[in-house]
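Next, two complexes with chain A in common: one pairs it with chain B, the other with chain C.
Now for the complex of A and B:
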């Protein structure tokens, strides 16, 4: 407040630079030096507020054009019959039809099954791997090697796995068959196992992410607590469950949320592996949405489905941001 | 942090656990690397050799995998007959363009978001981040309809814009965390010395430059690996590598040799880039929530 008053008083021409210097210098003295920046609404005279505002504008405007406008356009589309060249109001029919659309409902159910299976396996394997790797010899090199699958385009990963799963010349199929788990039919060819097939690929590609996150968390487990517990005679197993795991919990929560949303976001590998088949066994909701919108070009119906999917994701996102916020003080 | 190592006594149980974890790491490494290895090796194999596998249960026959005479014909096929060099160019332009736009605009916005407070800042932030988290297919439905009326479908500018929908919020979100870690006192000191605000910003730029570089690379990686946007919005005029690779799968005739070669061409640059920005990878992939 005083800042603005000052600069208002001493208008153009005479030694304004001098006063500006003083005013900032005073503020520097008055404040303890922060390690991270929080403030400084008070520090900003109107002039620099405008400066910051204009720095922000291009990004915000662009983002509004390519995300906010499409969002409202999607709501508009979801209420209409959208054909090429004509758009007709259809009295919420897109939505009422969804309630009886068995493939839509099954899509949700499959999506949940798919995500939960992926998560359970990824967390289980990922955390164990991190614990095993933590402090191991060659840890750096091993972790870097683990990164490789994540750098691969999901569509390429899907195609390579399609090759590996192939019933006549796929190596993984040969392995599964030799061990006796699978018959001559490929894992992707039968309705009962196809979902597991696509889960395995997701687990292959993204478990390393969980491992990396867990490793970062493990480095921050307070050693003194572990020591104290051991002095009290706790076994290592008990140490793990009583101290390490509770300390990992917040990090793992983030990992779970991120993976959960990515399973909603990406369907590249599923498209490459099965494209939703056989039958509808792997037609998780985003795949169904893809089919409705871009195979049959029922964009109105697609928009309605997309809207429901989006709302669920946004709710999940809200929860995630809550978790982020709660993490902040701990991080600092 | 305690400075000393925790003294651990070896019991049979912990020893068993140690051996088990070593075995687990080895098995896991094999299962992680095998698909990549198969991709590489198959891309150098003649199709007949690539399809050769031992009989069921014939464990000794695994050696068949390495019995082949390397050939480059799939790669020649890609570049001479299938026009892959132009797809690489498309991929580069689309990914690079959107990464540069996102990071330049994003760092400007992130810088000012990091330096000022205003009412509704949290709401603005939530909006930015939710854009990034929206399912790709859901975003694409309205975007496709809009782009079609603007005649942006099938063009590189359209694809660049489409990639910006997820790269820009990512850049803003993650770079804000970056600028937050630069003490405001540095800029204040600059301004005490008579620098203007833009000059003060230039002064702190070297501090954040490595991070900004790394996130340009990450944005390139996200866009390069994308299939859905490229398949729908870029279809026709702006075919990128993943789409071209996928198109080698035809109902009657799956050209596995070329697919594997195309997979190698798509994957190798990204793996190398991943190694270069290794330090920022976890931060980037977890949206800044986890730092190594």
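Now for the complex of A and C:
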């Protein structure tokens, strides 16, 4: 296709008067290229480090005020008996007493049960929903609808479910009772089922988050790998486990990290639902911590509990980050 | 190994037809190249064969067996993707073993087949690496290795070497052609690079706008293009087109252009088939033209040199005519300078005439 019709103005030969043609003689000799390279004597100065330091100072100071100061104050408190008007050094007693505090130990055990149940259910249901919704006909509308629980304040969610679970007029209670799963007692009223009650609320509220994150991850699963595997001879199901799931790992790890940290921190819905009861059946560690610090006002002991909780959170977080790093493809 | 037949195959995306009424017979063991620019429907065609796209209308047959409704895994084809599509979380060995593993082969057999394929492709030393640690050429070999570990009925190669650098691409052309001849498996190779199609294929199917333009051997497609589009697409540098007129009658028919007049040979007149007078498009390849600074006796085109391009072993000279610019391939010793008058000769047996409106070839 080389019909290179030119504009009408072009007249052959005219260009020579307009432009000077540089003649390059054919007999120009090739010049030898120097074979050694020497470093320049002086390098151009880079921007000064001090300049960048002073740019960061305001942020560092602000961060120190709102984050570091309370942190060190917490450590300080954890080593003292803190009463209003007096702080007395107590020889690590806050910590040593924890070892024999049965409610503290049970708090840990409940927290582990609670977190594991929440994570397993949320990841399982969340991924299933994401796969089902991905590319579905009304995907956007369905996802938006699904996200609604997440937009509710946790304390409100807790209160709503508190009523839904109510033994006399709760709708869910009536439903569960009519199909014979529950007796006349509310799910929150029995020590054996109360924990499940708070797990259900957490799953209800936060599964959409997992679905949302997973959906974003699914969009990034390389289509060509799925197709290659299909041509290689994989069924749809095998394709999911061989290609889709490995590609979702990084995304799911972030989801797990977010959710377990939330479970270690957020107690609004638990407080609204059970307040830690019946008995101590739902007194997961952060609830106990809240109670010790702000109900019994043992700030020193509370700080000690908080510190142990913080350390475990950091360690678990670091482990997850380490796994996450290992999942990332190494650069060649 | 299988014969592949397309029977009036259509691919529609909504109202848009990507492939229109495609009919191709590809004999067992043939290296068929589907050639066309991007958006011509060649990739859709390949994906329909692999089972990755639904066939909107018509049938595709392997050895007279209709495969329209088979899942990709049941079609027994092996595909190499443009961007390799290796599994990043698997080693090279696992990547290549995947098709065998999915078919439940024993570990010994897998190892044997993978190693055989690896030695054919000379990638035996890479078996424990991950795809991210490979160069483009190595990735491409692994992708081919994954295709050849089992003995599929059909190879589907979707522009597998498009992302390699020019030198490696030239090398891989030879390797792929050799590999296909060695294995004897039917191959369908999609490309937009006419050089790849010309140099490797037994048969070329040229596609444009979803329609099959021409199906033929590389020689046929190059020497006897069925229309101006195929003539312009195949060949590098591209064919020159000039708008000319046909005048005269019987034994004295002339092709006229503002710069020249060319007498037609009797058999050429015959092929014009009654198109005795009126405009035609003349097509002539740069290598069917000669150029000289002296006026010669034979029919010549007078023009002015626009620019010279030295390509090492050849020289391409752009010659400015009254209404167009043509490219001539000549020897690197040619010494005309831009702006000088020159004389271009035409090989009277090696030019083409196309219908000015439809683009259909007369000869």
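We adopt the following convention: the second predicted complex is superposed on the first by the 262 of 332 C-alpha atoms of A that agree within 3 Å, B and C clash if a C-alpha of one lies under 4 Å from a C-alpha of the other, contacts with A are read in each partner's own complex, and residues count from 1 in each chain.
Simple rule for what comes next: contacts are C-beta pairs under 8 Å (C-beta built on N, C-alpha and C of every residue); 3 or more make two chains touch, one makes a residue touch a chain.
Computed from a predicted structure; not experimentally measured.
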Original post:
In the superposed model, does chain B or chain C contact more residues of chain A?
Top reply: B
Original post:
Which partner does A:88 reach: the first (chain B), the second (chain C), both, or neither?
Top reply: neither
**OP:** Give one of first, second, both or neither to describe whether A:243 is in contact with chain B, with chain C, with both, or with none.
**Re:** second
Original post:
Now for A:125: first (chain B), second (chain C), both, or neither, which partner does it touch?
Top reply: first
**OP:** Name the contact category of A:171: first (chain B only), second (chain C only), both, or neither.
**Re:** first
Subject >> Which superposed partner A:230 touches (first chain B, second chain C, both, neither) >> reply: both
Original post:
Just chain B (first), just chain C (second), both, or neither: which does A:222 touch?
Top reply: both
Original post:
Once the shared chain is lined up, is A:116 touching chain B (first), chain C (second), both, or neither of them?
Top reply: neither
Subject >> Common ground on chain A, meaning residues reached by chain C in one complex and by chain B in the other >> reply: 21, 222, 224, 227, 230, 235, 331
Original post:
Hey, which residues of chain C end up touching chain A in the complex?
Top reply: 50-52, 71-73, 75, 77-79, 81, 83, 85-89, 98-99, 102-103, 130, 132-134, 146, 156, 229, 232-233, 238-241, 243, 304, 320, 323-327, 338-339
Original post:
Which chain A residues qualify as touching chain C in the complex?
Top reply: 1-6, 12-13, 15-16, 21, 222, 224-225, 227-235, 238, 242-243, 246, 329-332
Original post:
Residues of chain A touching chain B in their complex?
Top reply: 17, 21, 24-25, 27-28, 33-37, 39-41, 44, 48-49, 51-53, 55-56, 58-60, 62-63, 66-71, 73-74, 77, 82, 125, 128-129, 131-133, 136, 142, 144-157, 159-161, 163-164, 168-171, 174, 177-178, 204, 208-209, 212-213, 215-217, 219, 222-224, 226-227, 230, 235-237, 251, 254-255, 258, 261, 264-268, 271-272, 286, 289-290, 293-294, 299, 302-303, 306-307, 309-310, 313-314, 316-318, 320-321, 324, 327, 331
Original post:
For chain B, which residues count as touching chain A in their complex?
Top reply: 1-2, 6, 8, 13-14, 17, 21-22, 24-25, 28-29, 31-36, 38-39, 42, 50-54, 56-59, 65, 101, 105-106, 108-109, 111-118, 124, 126-131, 133-146, 161-162, 164-165, 168-169, 172, 179-185, 188-189, 191-192, 194, 197, 221, 224-228, 232, 241-242, 245-246, 249, 256, 259-260, 262-263, 266-267, 270-271, 273-275, 278, 281-282, 285-287, 289-292
